[in-house]
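Two complexes follow with subunit A in common, the first pairing it with subunit B and the second with subunit C.
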Partner chain A sequence: MTQTVQAEPTTLGTAAARRRGRPSGKQPRARTGMNARSNKMAYLMLAPVVILLTIFVVWPVVYAVYLSFYNWSFYTDPIPVGWRNYMNVLGDRTFIESVGRGLLFAVMVVPVQLVIAFLFASLVRTVSGRVATLLKVSIYIPTIVSGVIASIIFVLIYNYQGGILNAFVGLFGVEKQAWLGNVATALPALAVPAIWLGLGICSLIMLAGMVDIPATYYEAADLDGANWFQKTFFVTIPLMKNIFLFLLITGFTAAVQQFELPLVMTDGGPLERTLLPNLYIFQHFRNDTYVGYSIAAAILLMVVLGSISAVIFRVLNSEKAVDG
Partner chain B sequence: MRINRFRAAGLAAAAGALALTAACGSGTPGQPADTGGDDAPEGATTVEFWQLSFQDVENEWYEAAVDAFNESQDEIHVNLTQVPGDAWEQRMTAAQAAGNAPDMYTIAYNGVVSAATTGQITSLSPYIGDDVWSDVQEDVLASISVEGEHYAFPMLVEPSAVLWYRTDLFEEAGIDGPPTTWEELQDYAAQLTTGDVYGFGAAQSAGDMGWSTWGLQWNVAGHLPISDDWSEAQVGDEYAPLLQAWQDMYKAGSMPQQALAGYADANPLGEGHLAMNMGGSWFASVLINDFPEMVGNIGAAPMPSFHGDPEAPTATLGGWTWVVDAKSEVPEEAAAFIEATLGGGDDEQLLEYFAGTQFSKYSPRASVNEALIEAAASSENPWAATIAEQIVPFSKPEASYPWDISMAFATALEQAMQGTDVSTALADAEAEINRLIEANQLAGTAPQP
Partner chain C sequence: MAVDTPVTAPAISEIGRTTRRPRGRRDTGAKGVAVLTGKIAAGALLVLLALFPLAWMVIAGFKSRTEVVATPFQFFPEVWRVENYQQILADPEFVRSMSVTFGGAILFTLLSLTVNSLGAYAFARLEFAFKNVLWVYVITTMFIPGMAILLTSFVVVTRLRMLDTIAVLVIPGAASAAHLFFMRQYYLNVPMALEEAATLDGASKWGIYRHIFLPMSKPVFVVVGMTSFLAFWNSYVWPIMTITSRDLYQIQQFLATFRSERAAELGMLMAGSTLAALPVMILFLVFQRHIIGGIKIAGLK
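Coming up: the complex of A and B.
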């Protein structure tokens, strides 16, 4: 009973706090005028972005949703097909498997990328300025390499006949492997360049997050006799929660949507084992007479990615300002 | 009207995005070449012509043909744009979205029927006379026709499957001549596999198998894996020998564990990594130009027939046609250019194309083909006569059903190669093709020539 009574003011307080942000008609007239002027200016300054977003994001998405209910090409009038495109996509085993494969690919890429980037950023933070600069430049280089070029480089590395990797494993008496032609190794073989390409930006963001942590926290920990692991697990990682959240969300969606690597390196093979969702959609866009199916698949993928991102936000509870 | 305006705005936004993509694409190797655009005579009707960029020698022929036509008269001016293969889809899609598609362009045989039935290209029958069409081979004509209307003018045909083999390696191994049965092929492939040389190379990914094995599908089963009216899958045990052959050779190591290159690539054969290579007739041109020292050691023969009939098809006739866009405002002028260049206006010039490509391609026009075979006899292509006489006459046109159907069968072939039980792979293909028929409402939609 006591608990219930105590809970009510808290709830009301929260609601009041939420209402506080809204304009109120009961405020003094002068304040209202100032607010109105501020709002006008705010709307004015927001307008360019809102207009651009509407033209290039909102409207194309709305129009894409509209088109997904049609059989549509550039040469004929759209033919309404209701939910057929969606039913066809959901009934296509290849699409469902490609989404599952995209998630698996993200699981292969993102955690490894985060761990390596965290260790690298920790290393950079501990070394002197000149060495740190050298390390930062080195780790960032893959980021500026085109995905297509990276794909070609890795194809040469994995090449069955004359590839560098097979030459290397051959030194240990291992028979040459069809890294990209074997159903068991093809997807992990794609994950390696994906990790390599994303490592630079991931490391620098991690480093920025680490540098942002007040030194006093570490000084206090030192006074308490904390070692490196304790400082890492009880200071660094908790204070970088939002950084991890950002990298997790962006890394996850980027990995699921990876397109260039499977396109150039395997074209989705062998046996569709590297057919990631975007490549699946692209292949349909390229080959289908009508584009409604591809659009429906793209929208379903958007729903999947949005849902996963929402779950990650929810699980990591990002709205709390962890260092504030 | 309002919806149309919205649609137009949406299309403009999409076209803008695609145009940006296309612009990025043009930065890739091989810039488009434009010719004929600056010197259009006053009052002449301009015809925009996009050509997929091929080998240099082919591109040069296209430029010469356009220049010759432009110089021959002053009423029509053709403006040629050569578009690299990696940018074609993006550029064409962006142009179509923006309503700026070229008046005419090159298109492969297997895309013609689909483009015709969906209203992307216009019929050429009203503009080109029957006397011209009558010279085109019947099978080829059927593959570009829908309900009696001809929607494309065929420029060339290329058999998709020829057995290229190393005569020197055969001799060293004591093997007489190319295999004539699949048992022999598998046996020879095993014998010839040594070190870095594999006995047999062919398509090994579904994307390549999808089109390169159409001929073998005809050969082993007597039909393609869908009924003529596209109402049901036809994937029975009759296809088992084909899948079994791939599985056995892959397992035995006679085929590499990963294709050494894409199906269209003759380099592994030229570089000496393959003793036998299933490949298209276009290999001839590559071998003569890039591996002249190997020409004397390479022979060409039809792929073996599964049931022993040497006249059963083992290849399909792929190749390129010229079409006129459905939205072109100058279809008559475009058709006039097509007729003058491909339809008999100047066959000497057309023969130059086949000579330039070392007679590795063939004409779908009977009269040109006769002259071509005669000229090929004295050419540096030692395989032209074999291909023209033993493969081309028995080849089938390319399949015109949606590509997904071909991929479903090819996936079964790849599954079998990777070790899946043949019956299971065929059952999967049958189920998938039936699903595609249902999902795309294909039943009864097969176009009639």
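Coming up: the complex of A and C.
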């Protein structure tokens, strides 16, 4: 291939080179040799990661899509059922309700996270180095805590007898509550540890975005006599549009997929009020040996969340021009 | 994702420094004092909210079993007891679980650093056939949510006879497109000149990776290594699906089991949780400069 293309401009080459169809002696051959060696080395270096991803990510996806069209359990041959698994999922009120609940959960978690993160970032960028370090490390520490430990802590905080929260609301004369046992408070009670666990990363991304805004914008605003609110709403927030969008979508998809907290804290109860979609799929998988249904549900959820991720990725890639 | 793309990870204290407006003017007078007080209050509130649950966990570890949820509520114990910590440390299952998880996390971290940095180097610096196809292939895996493949991954590891071995915890998650992407961004910013000089000296591509890129990878290895270690240490769902023998119980699995089997031992549960959170806390505090500095958003704007 390369040789035929390069064979054309040979007028300057030596006779020998011309006979071989090469423009000028050794160089191209050296390059071809390099390429072959480079190819081999590259493939050797890529092999581990590509093989592992193929076995443990790509193949499971392909296999999941395949199985979603079959009725199959570990002990039987798969029987093709067409779209029936998907129809069953879409006709299952428990699943549809769990997705709705996931969206509601995201609405409880993400805006609070964004607002706290924004205030945090606004504060940190005005304080001195050492205080800023202390604040950044403090807010990031909950991110290190596992979902299981967070669950253990918050279940006891919500405890009916002697829990801190009941002691706290008792100061204001509020009756004791079974926070996780009450259908009205269970989901918000689950949202609090979710906010707590995710706040650190959200805040630091927000801060990194905020310090990227050139100081000259604020100097200009100062000259015009703008106050803090005007600077926040007319300078900071518009310039951080991409950051907000990114945090909004990643936070949203993470919240809808929240799984460990309800698994450990409530196991979906009371009356399925904390049965988030992934927990529902997981429970179904554990209780039903025919896995086609669970897989179809997981794929439907993936398609919804995947579309959202694709949208952010495109939006973020296309609106680079916003910065100064 | 594109969040973490450190070029040169700046020190934690440097974020926020570059664009800070000149101060002083605003810090004088009654208004300045009010603003300062407001800032201190807001900062203290944030620190309190972030750390209160953890502080409570540590302190509850010093309480007797009934005191943890005693009425009326008391934040500090009547008597500070170290028995809970002593007992949980004397529990062979707890100690074994901590050791097995620690060993697994080290293996997982090393494997993750090795396979992802090799791949990252190839994508950053080598030219080869089908590079774009392979790149798209690898990066696409970043967008697949865990739940979509959780069930069939379980089928795959069952077929590979990996269930209930340490391999099922270490191998499947080691290759990560997100980590590879992060490392590649870092390698792309290594100056070409170094490599060209080495090539003139007759170094092979492998030699360049081994002697130039690996030694320079420390900051990015800290971030990726810490993330991998943490992911392994904190994982719960995958272990409860794949590990059944108590000898291999992971630490999160141990805590959840302890909680359901010995529900009355709340003081010990809190002591165990504190100790289980300790290794990753220490790691984080040691490397916080790199980790927090690693959160840059060069890819985002």
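Going forward, the second predicted complex is superposed on the first by the 246 of 324 C-alpha atoms of A that agree within 3 Å, B and C clash if a C-alpha of one lies under 4 Å from a C-alpha of the other, contacts with A are read in each partner's own complex, and residues count from 1 in each chain.
We take it that a residue touches a chain if its C-beta (ideal position, glycine included) is under 8 Å from a C-beta of that chain, and two chains touch if they have at least 3 such contacts.
Here the structure is a predicted model, which means the values were calculated and not measured.
Colleague: Between subunit B and subunit C, which one contacts more residues of subunit A in the superposed model?
Modeller: Per-residue touch count on subunit A favours C.
Colleague: I'd like to know which partner A:Ser294 touches here: subunit B for first, subunit C for second, both or neither.
Modeller: second
Colleague: In the overlay, answer first, second, both or neither for which of subunit B and subunit C A:Pro60 touches.
Modeller: Both partners, subunit B and subunit C.
Colleague: Regarding the shared-chain residue A:Pro142, is it in contact with subunit B (first), subunit C (second), both, or neither?
Modeller: second
Colleague: Which partner does A:Tyr75 contact after superposing on A: first (subunit B), second (subunit C), both, neither?
Modeller: Once the two structures are laid over each other on A, A:Tyr75 reaches subunit B alone.
Colleague: Pick one for A:Thr232: touches subunit B only (first), subunit C only (second), both, or neither.
Modeller: Neither: A:Thr232 stays clear of subunit B and subunit C.
Colleague: Could you say whether A:Leu271 touches subunit B, subunit C, both of them, or neither, answering first, second, both or neither?
Modeller: first
Colleague: Tell me the contact category for A:Gly91 with respect to subunit B and subunit C: first, second, both or neither.
Modeller: After superposition on chain A, A:Gly91 lies in contact with subunit B alone.
Colleague: Which partner chains sit in contact with A:Gln161 here, subunit B, subunit C, both or neither? Use first/second/both/neither.
Modeller: both
Colleague: Can you list the residues of subunit A that meet both subunit B and subunit C?
Modeller: Shared contact residues on subunit A (touching subunit B in one complex, subunit C in the other): 55-56, 59-60, 63, 67, 74, 161.
Colleague: Note which residues of subunit C are touching subunit A in the complex, please.
Modeller: Going through subunit C, the ones touching subunit A are 1-3, 12-21, 23, 39, 42-43, 46-47, 49-51, 53-54, 56-57, 60, 68-73, 75, 114-116, 118-119, 121-123, 126-129, 131, 134, 137-138, 141, 143-153, 155-156, 158, 171-175, 177, 180, 204-206, 209, 230, 233-234, 236-237, 252, 255-256, 259, 266, 269-270, 273, 276-277, 280-281, 284-285, 288, 291-292, 295-297, 300-301.
Colleague: Under the definition above, what is the set of subunit A residues touching subunit B in their complex?
Modeller: 55-56, 59-60, 63, 67, 73-76, 88, 91-93, 160-161, 177-178, 180-183, 267-272, 286-290
Colleague: Looking at the complex, which residues from subunit A come into contact with subunit C?
Modeller: That would be residues 35, 37-39, 41-43, 45-46, 48-50, 52-53, 55-61, 63-64, 67, 74, 116, 119-120, 123-127, 129-142, 144-150, 152-154, 156-157, 159, 161-164, 166-167, 196, 199-201, 204-205, 207-209, 211-215, 218-219, 222, 242-243, 246, 250, 253, 257, 259-260, 263-264, 278, 281-282, 285, 291, 294-295, 298-299, 301-302, 305-306, 309-310, 316, 320, 322-323 of subunit A.
Colleague: Which bits of subunit B are touching subunit A when the two form their complex?
Modeller: Touch list, subunit B to subunit A: 6-7, 9-10, 13-14, 17, 89, 96-97, 101, 114, 118-120, 196, 204-207, 256-260, 268, 273, 326-327, 402-404, 411, 414-415, 418, 432, 435, 439-440.
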